[in-house]
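Following this line, the structures themselves.
Both of the next two complexes hold subunit A, though its partner changes from subunit B to subunit C.
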Partner chain A sequence: MRGKVSRKTIFAFLGPSVIALALIGIAPLLYALWTSLHFFNLTKLRRVKFIGLENYGEVLTDGAFWQAMGRTFYLLALSLPLQLALGMGIALILHKPGLTLLKTLARLSLVLPMATTYAVVGLLGQVMFNQKFGVINQFLSPFGGGSINWIGDSSNAFIMIVFWDVWQWTPFVALVLLAGLTMVPGEVEEAARLETKRWWTILRYVQLPFLMPGLVAVLILRTADTLKLFDMVFTLTRGGPGSSTELISLMIQRVGFRAFDQGLASAQAIILLIITIILAQIYIRVFYREV
Partner chain B sequence: MAAAAYTRRSTWTQIALLALIMLVCVFPFYWMVTTSLKTQIVALESPPVWLFEPTLNNYREALFEDGVFRTLLNSLIIAVCTTVLALCLGIPAAFALARFEFRGKKDLWFWFITNRMISPIVLALPFFLIARNLGMLDLHITLILIYLTFNLPIVIWICTDQFRSIPYDLDEAARLEGASQFTILSRICLPLAMPGVAVSAIFSFIFSWNELMFGLVLTRTTAKTAPAMAVSFMEGYNLPYGKIMATSTLIVIPVLIFALLASKQLVRGLTMGAVK
Partner chain C sequence: MKIRDLLGSTALALGLAFGSVSGASAWSLKEAAAPYAGTTVDVVFLLRPGYEAIEAMLPEFEEETGIKINIIKHPYENALGEQVRDFVAGGDLDIALIDLVWIGNFAENEWIVPISKFTSDPALADPDLDMDDFFPLVLNAFGGWNGEIYGLPFDNYSGLLFYNTCMLEEAGFDGPPETWADLKDVYGPALTKDGKYAYALQSKRNETQSADSFARVLWPFGGSFLDENFRSNLLSEESQAGLQFRQDLMQYMPDGIVAYDHAETVNAFGQGDVAMITEWSAFYSTVVNPETSKVADCVAIAPEPMGPAGRKPALGGFSLAVAAQADDAEQAAGYLFIQWATSKANAGEYLERGGVPARQSAYADPALAETYTFIPALVESWQDGVPEFRPRFAEWPEITEIVQEWGTKIMLGEVSTVEGAEELGTRMEAVLEDAGYYSGDKPLAQ
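Right, the complex of A and B next:
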């Protein structure tokens, strides 16, 4: 019978991976759970002691924690619609027949932003958005915006984060949607084009069903990646000015490694993990109901 | 007539829009490279200058005086080792998931994939404490191991798909000849699965090479990675912008080459686990 093998063979093939991932993926989580139940400050290691759920109580009632969480979702709420709208537009342009060479070049250049090291994106942001010698302000100066303080102003800094997130991930959305568009059978699309000239009607009634799996994937991955986002924001603003760009992962990093309160940071991390799991469950329930 | 004019105009619009897409994607890289060729004085001119006499001084200084060369080497060692390790562990697992039937296969598969969703900061805290207790901070092996948390799932995911696409008849024929599962994997399926293996290796390399946070938290000097080095230039008041951009250029060039090589599969790899 197909695929019937002894337990020993299965273990020989799968065991190493399972053990490795358990050791590096699960064991640390259990340790974080232990840390989160203790007063555990790196500068006061003599005083580590069990304090039950005190850290969790502190996190759950901490306004700053929920603000950082809110900020993270606010970023998602601002950048995801932009990425979807721009990505859809780019996908439609690339899907239009003709200009093969130019389209290939455009597709290749779309690959660049999403492969770029996140930290380098942040550094580029520092250079290009500098108030005095940044090229962005040079571009804006004919329109009367020549000396905008991007990095030092709270709301401008947040706009800058949105900008780079959109720059880096719109290509991804565009290429995912383009893959969906190419799934539409040629005859179906041609027949629809004979019926109507309006691109919106075709998009809505012919192409959208083929785009759904891609859209779901984008929604899930952008949510997960925004909750994970650290490198780019850290190099660009370090969460500042003040805490105006301090996303949840930056906050946990600051509490754990710059305020040295590992106990509290672990509690925050566990709560973040729980929120991630709940969101993943909701997404799976809503979008993969048929499974 | 009117229709032809309409098509011509819309072709020009399409050309203009495609050019705009390319410009927006590529311009930051142009700016990065040109800034890396500026002296500090030119780099700090306001408004920025577009024409200047280029110099390679930033590269020389960054690479050989500030130790960027060594951090690039560290990044290379770590990315290559973790990729090789992920392939060694992941390929047999992917083969088993693609070929064997056993209970709990779906759950195991799901667990591998969900590693993609977990925020690295959740692992960074305990991993730091464990590495500190074991005296493993600032060692290459620590990063090599923790990078497996995202490399192993990507290898397993891509390779499972690849193995599934290989006809089962080949296995059957080999088994009738008395070949063991291991022989079937190494002699028959692996050579045919090479495209998938190569793509997953490229992914694993890119992800490890690009990673900053673990590098920042788990290394100090000897195992410091290139992104962590680039960030450490950002301290102080008089930032050496040319040098920072030179370092950035050196970091980004290898990943861009790899990304272009794997450009067809890049999107698929990034959607890992979310598209069936």
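Right, the complex of A and C next:
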């Protein structure tokens, strides 16, 4: 088969993608790598010089960097299980037979949060969680929570970020898992239901193996998304109050574009990239199994 | 022939002489701009009242000159980054909008052109420019660096005390506090009740934390960021007194004050939730406008309260300077716009439309103070201000990030004022050492 396709044809099909990827993805990465090895401050361009791994050393020994990294993983540890649990629940409900019209409407409405721009979510959050006139406090006031300071309190601000991340991305998890459930052969599922009425047993031994590829994809994508989550938090809290919601992506933006230290910011970004790749590899090796 | 030549050359010389004299006396914007008609000038504006004021006046300038002013609007937080990227990339900006703390940065990078290049050109310089008419403090702090003037003051602020006379009268006060101590110890307890607060100090973690919050409590108490050797002065008794004062004052401010930027603070005042704020003069038009303020009829203005070291009000504002990257025609056209926007002739209209000019002559009419009640306090502040309220050197963008982070941590109680000042000082000095101030590579200039 391979002998029948000429090299020209292969290049014609693959070439444009490879060139586009090289221009859009690889070239900036190489530039970031070069920058990370230099003292490179946009406001001090006359002093650009090669400094080897000095930026990396500064990043690795900077407590603020690891605090931001810890905060980011804390967000991931809080929001991902919630998204998986809620997403699985929604997927299982939508997978049940019957109520076709309602389920179609539900599937459509699941797309809305995902389609909302991150920055708009942040702005919505500012209005809805406003201490004085926000709808959330209005809603909570009968229960004694009418004056919660969401944006100005460190813990509450973080809870707010978790809430919006779960709101926006649970539907994605639900749709991916729903697609996985439709892969389960009907006769296998039917046979299992004749054997047991325990939904957990069916889920664990029949449906879960078919969900694993989707779950691994969700884990990788949500981890990568959380590690680079920026717009929503920037428009909602700008990383505050203090540093309480300064995730790693906000820190990199602050160093690179507010203090203009592109070299240090590039080193931070490269380290973040390495961590993301390692995590993706771990997910694939530990969780991924071919059905 | 010789006689004809002589007569001819005499006539030419007389013609030139009279022509030049009449040209000098009849300088007009229209004629000066004629060679540059059709030129487009790109400039960054902020989303603030002073910019809306000049934008409303712009059609007159464009009609008279044929120069097109292309305004690119940014919120303050983005303005520095957008301009730095544009200048580094050799972009399109022809005029730089410079916060007073950016002037050292822009000048040292040679992104802007000294104003003398244009004021020395009779074809461009308006004979009525009158540089001496600018408040000297404002001209030097906003537009000057190392003895050279680069920008002309355009959007000019001084910190003022805005107070709600209705709330103060109800609490038994017939005037605003004269000192910070009175504000905290007398007005604070009396005005903080029933969900209302005596005072709000905008302290969000951005330039607001550095300029409006941190620096505001340093200077009146005798403190400062740096000493005369550019070493941290934040652990001095005076600086610590100021920072501790801010902590003590927080009990009379709304919850979550560290999330308050200018908008939240002005809104809180405008909604009648807060009795006093110390804000920039630029927000005057917002709080006295019944469409944006519920307390428009109760607003009064005073200079900022005094501390043990005097008044030392906050100083901030912007100048406009010609960008070095612009070509000759754009530079000339840009200068003509700056000169026009900051001129004596337009200062009155700029004021009426919500701007705050830096022209002394604009405030000379005592009747104006009745219409614009902020004027006496503003003029007093500009005569009593501190040019280095925030250091204006090129390293400020890095230092302000440190102040923002640790200033907020102090306010949140995550570190004490001493711990915060120690960390801040160490980090500030590392930046200054790296810049070469301690090795003598760079003069200790502010």
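In this section, the second predicted complex is superposed on the first by the 269 of 291 C-alpha atoms of A that agree within 3 Å, B and C clash if a C-alpha of one lies under 4 Å from a C-alpha of the other, contacts with A are read in each partner's own complex, and residues count from 1 in each chain.
Following the convention adopted for this analysis, contacts are C-beta pairs under 8 Å (C-beta built on N, C-alpha and C of every residue); 3 or more make two chains touch, one makes a residue touch a chain.
Small disclaimer: the values here were computed from a predicted structure and weren't measured.
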Touching partner for A:269 - first (subunit B), second (subunit C), both, neither: first
Which of subunit B and subunit C A:154 touches, first, second, both or neither: second
Contacts of A:45 with subunit B and subunit C, given as first, second, both or neither: second
Which of subunit B and subunit C A:241 touches, first, second, both or neither: second
First (subunit B), second (subunit C), both or neither touched by A:67: neither
First (subunit B), second (subunit C), both or neither touched by A:254: second
Partner, of subunit C and subunit B, that touches more residues belonging to subunit A: B
Subunit A positions touched by subunit B in one structure and by subunit C in the second: 132, 257
Partner subunit A, residues of subunit B touching it in the complex: 11, 14-15, 17-19, 21-22, 24-26, 28-29, 31-32, 35, 43-48, 88-90, 92-93, 95-97, 99-102, 108, 111-112, 114-130, 145-146, 148-149, 152-153, 156, 168, 181-182, 206, 209-213, 216-217, 227, 230-231, 234, 239, 241, 244-245, 248, 251-252, 255-256, 258-260, 263, 266-267, 270-271, 274-276
Residues of subunit A touching subunit C in the complex: 42-45, 64, 131-132, 149, 151-154, 157, 237-243, 254-255, 257-261
Subunit B contact footprint on subunit A (complex, rising order): 2-5, 9-10, 12-14, 16-18, 20-21, 24-25, 27-29, 31-32, 35, 90, 93-94, 96, 98-99, 102-103, 105-120, 123-124, 126-128, 132-135, 137-138, 141, 146, 167, 171-172, 175-176, 179, 213-214, 216-217, 220-221, 224, 227-228, 230-231, 234-235, 248-249, 252-253, 256-257, 262, 265-266, 269-270, 272-273, 276, 280
Contact footprint of subunit A on subunit C as seen in their complex: 80-81, 84-85, 88, 105, 109, 204-206, 255-260, 273, 394, 397-398, 401, 405, 408-409, 411-412, 414
